[in-house]
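Okay, so here's the structure we're looking at.
Note that the chains take the letters A, B, C, D, E, F, G and H in the order they are written out, and that residue 1 is the start of every chain.
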Amino acid sequence: MDGLDKKILEMLKINARESFANIGKNVGLSAPAIGKRVRQLEDDGVIEGYALKVNHEKLGIETKAYITLVMHQGLSGRPNVLDKIREMEEVQSCDRITGDDCLCVLGYFKNNKHLIAFLEKMSQYGATKTSIILEV
Amino acid sequence: MDGLDKKILEMLKINARESFANIGKNVGLSAPAIGKRVRQLEDDGVIEGYALKVNHEKLGIETKAYITLVMHQGLSGRPNVLDKIREMEEVQSCDRITGDDCLCVLGYFKNNKHLIAFLEKMSQYGATKTSIILEV
Amino acid sequence: MDGLDKKILEMLKINARESFANIGKNVGLSAPAIGKRVRQLEDDGVIEGYALKVNHEKLGIETKAYITLVMHQGLSGRPNVLDKIREMEEVQSCDRITGDDCLCVLGYFKNNKHLIAFLEKMSQYGATKTSIILEV
Amino acid sequence: MDGLDKKILEMLKINARESFANIGKNVGLSAPAIGKRVRQLEDDGVIEGYALKVNHEKLGIETKAYITLVMHQGLSGRPNVLDKIREMEEVQSCDRITGDDCLCVLGYFKNNKHLIAFLEKMSQYGATKTSIILEV
Amino acid sequence: MDGLDKKILEMLKINARESFANIGKNVGLSAPAIGKRVRQLEDDGVIEGYALKVNHEKLGIETKAYITLVMHQGLSGRPNVLDKIREMEEVQSCDRITGDDCLCVLGYFKNNKHLIAFLEKMSQYGATKTSIILEV
Amino acid sequence: MDGLDKKILEMLKINARESFANIGKNVGLSAPAIGKRVRQLEDDGVIEGYALKVNHEKLGIETKAYITLVMHQGLSGRPNVLDKIREMEEVQSCDRITGDDCLCVLGYFKNNKHLIAFLEKMSQYGATKTSIILEV
Amino acid sequence: MDGLDKKILEMLKINARESFANIGKNVGLSAPAIGKRVRQLEDDGVIEGYALKVNHEKLGIETKAYITLVMHQGLSGRPNVLDKIREMEEVQSCDRITGDDCLCVLGYFKNNKHLIAFLEKMSQYGATKTSIILEV
Amino acid sequence: MDGLDKKILEMLKINARESFANIGKNVGLSAPAIGKRVRQLEDDGVIEGYALKVNHEKLGIETKAYITLVMHQGLSGRPNVLDKIREMEEVQSCDRITGDDCLCVLGYFKNNKHLIAFLEKMSQYGATKTSIILEV
């Protein structure tokens, strides 16, 4: 990965749909040359994908919360719990963190009732602690 | 926002660089029709942008951590602290959360030394509590 | 709900037994007109009822306490627990709150022995934490 | 306070606007006799007043929260803080409780922004800890 | 209980073996009069007994500790646990306290090994938290 | 200290006013011999005194509490704080304990108002945490 | 143990492989005399052994952590757990400490994955809390 | 570092004073060859030194404790605090750890009075929390 790759990444970070032509103009390469480099970055696993940034409030999200989950008896006996949680539609991210051995889940919910239903589902896995994000 | 818009958003969520032609084929519209709808979603503020998903480990990130920050004497006297923190390059997200009145910062760091330097900078604002993300 | 309704609500907040005649004099309407508006506020569900404010100490209450209750294994398997607790005569209010997933119960008790008996009953549902209200 | 007084209190607890005539029918006394007893209960301080139960959601309340406030350096040097807080329009109740020496405030807020503004005001007195009530 | 009784209690508090003759001289009564009053205070339950203050270090106590015990599933199903704990020779006092529903035990131990053995015994009842008293 | 001394201490622990004659009968010594041994135990510092066990409730104590006090900036700059606290009439015991560096104070109070006044006094030294004893 | 022994211990603390000849020169004794004293210190149990100080990072250790372990139901029923844990290759030290009745384990790990595997093994014994050492 | 080096390290871990001759016999090399390899491991920084394992109890240590220290306002303004603490004779190790931003100090003390004096010294830097090691 050289300096040109870094500049390409910088431009794609600002707008992941930026056209190769525009990027090329900026760094002094042709569009196909940019396309070749981007495919290389994808093949090398540096670029993992392109994500949409949506306004969740406009899509009906009223409640965002961090939820830590201390598993009953650890995660060892339940290897696929982490995957199951990550696949739930409310879950934006789910990380295992230090401190009390637990998962830190970032979840988006339609409203408080939706959050409660989610906490009920989580309670089969362990004890939850919820912090609402205030500046939605 | 109708059902077609929802399908368009679904496809862009999977790949934000998906061509309008492909989306069009999938939902039974022409590429220009898709382009018009996408621009409308952008104008309505439903789509806020397009983000790059990079593999941070390949870019030299060894340490990821959640850091909660309890401000000395609240945030009221320091209106721009939240903005300052959000602009730091290590900071992926920074949310005000309930519980102890605090900020929850997700930060990516080159290594532990980098994390320590960040904690030192944070200590001017308040007391930090750090949880390392384990499955980097 | 217009400005007159707001004035009526203000007066009823100060004294829920205020006569419609007095309210009418104050806002420039007849007693029957006030009555009609109050019935409308009741029908709209804005006014839910009229409560008595009693001096609990004079009725034998020596101990008031907030009790948080962390349920064994969440509330999901026991849908009617919340209702059962709310119906207990000691319970003034019972709210599900964020933080550790728990109920916050405000209870009034004849004395400490009464509080202990209440805590024993609660221990079948989960672990309690008690904060006595000091300025009874 | 005899058995008849208790029956009168029971009926007023259910509906504080109950007419003396109805109460009288129920307990076998005339309306004026009930009125006399109610005035006596008021004079004795057993009845402190009559409160309106309104549906706060219909009046624009979206966020309810318990907020504990640990004062900087105790309450001793600031005798009127408790009164000041109790007079704030968001505050439904404010109690001094055991555990960490603190106040437990129940507040009703238009929305999360309103809650944040309230927490900012509170931060001049001490450190806050907020638990959102979930089943509004 | 009058002023003379109070003076008698004051003198006995300083030295519970004080002779009735000395107390009598001090308060202007005969020894038998003092004896009669002391017996009355005993009969009234005001005086519950006379305790020896020993130097526990000189009797081989090296470790003193406060131990809080959060019972598994509350105390309700085990009415005699409190009595059993109070009868243990290491236990100086055992009180049920607010906060987490728990017992606060003050124990004196020959040494750390003795304390560990005591904690093992306690672990059948619940989870312990130990604070060593430092200025033995 | 031999076996006879231990027996004497046992009897005095049960009743610190036990007559030397009775103790002597029990252990097979004359009253003066017991007196001599007791004085020796006093001189050796094994017996530190004789305490009155009073029923505090009958003397007007309604509230008993454990109060932990975390000093502002440690105890080092204030050598006589510990002594000052121990001399307060509400204080039954005051121990420095491990965990958060703090004092554990056992206090007896006429009522909750008295406890509040005590907490106010303590707040000049540090932050308090109060646990009420429930089975007074 | 006299002053010469102390000097010998001081020199061995700095370098446990120091030759007896060098120590002897320093304290004014012959090498055999030093050897005799060292063997005596070994026989007395004052010297328990000689340890290698290695650079763990150079041997592939990336993650060091303190892990506290609160046992399910205490240690009493599992006398050999402490020994088992001490024998694990990741464990540098394992101490029973006051506070919540728990073990404090210092562990060295190849990386975060290794730490996670260790936490899984620990979860059969109890609940863990992990603090990463930052300045490796 | 090859397999022979690993075997040499293993033997030195068991006894850091092991003679090169003995190690050589074990791995099939001459004593000088072992010496050469050991010096290389020293030069490479793999071996950092040789430490004495003493029985601290026999040298007068009665109290061992883990002490966490949360600094007033972080460590940033006081770069040499960590070094100062590490140089104190009671301090065996001092690590910066995650969680509350703090130092974890392992200290050995002659007795509880010595520990108290140490805590007093620490209180100039921040707030301490002490856990006594029980199985000395």
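Assume contacts are C-beta pairs under 8 Å (C-beta built on N, C-alpha and C of every residue); 3 or more make two chains touch, one makes a residue touch a chain.
Chain identities (UniProt): A, B, C, D, E, F, G, H = Lrp/AsnC family transcriptional regulator.
Note that the structure is predicted; figures quoted are calculated from it, not measured.
Here the chain-to-chain distance from subunit C to subunit F, counted in touching steps, is 1. Interface repeat of F-H: among C-F, B-D or A-D, over half of the contact pairs recur, by residue number, only in B-D. Subunit D and subunit F have CA centres that are 42 Å apart.
Between the CA-based centres of subunit C and subunit D the separation comes to 8 Å, rounded to the whole angstrom. Each chain gets a centre from the mean of its Cα atoms; for subunit C and subunit G, those two points are 59 Å apart. Shared interface positions of subunit E, defined as residues touching 2 or more other chains, are 96, 98-99, 116, 131-132, 134-135.
Across the interface of their complex, subunit F is touched by residues 112-113, 115-116, 132, 134-136 of subunit C. Those residues of subunit A that touch subunit G in the shared complex are 70, 73-76, 96, 98-101.
If you check the complex, the residues on subunit D that touch subunit C are 9, 12-13, 15-17, 44-55, 58-59, 64, 66, 95-99, 104, 131-135.
On subunit A, the positions that touch subunit C within their shared complex are 65, 116, 119-124, 127-132.
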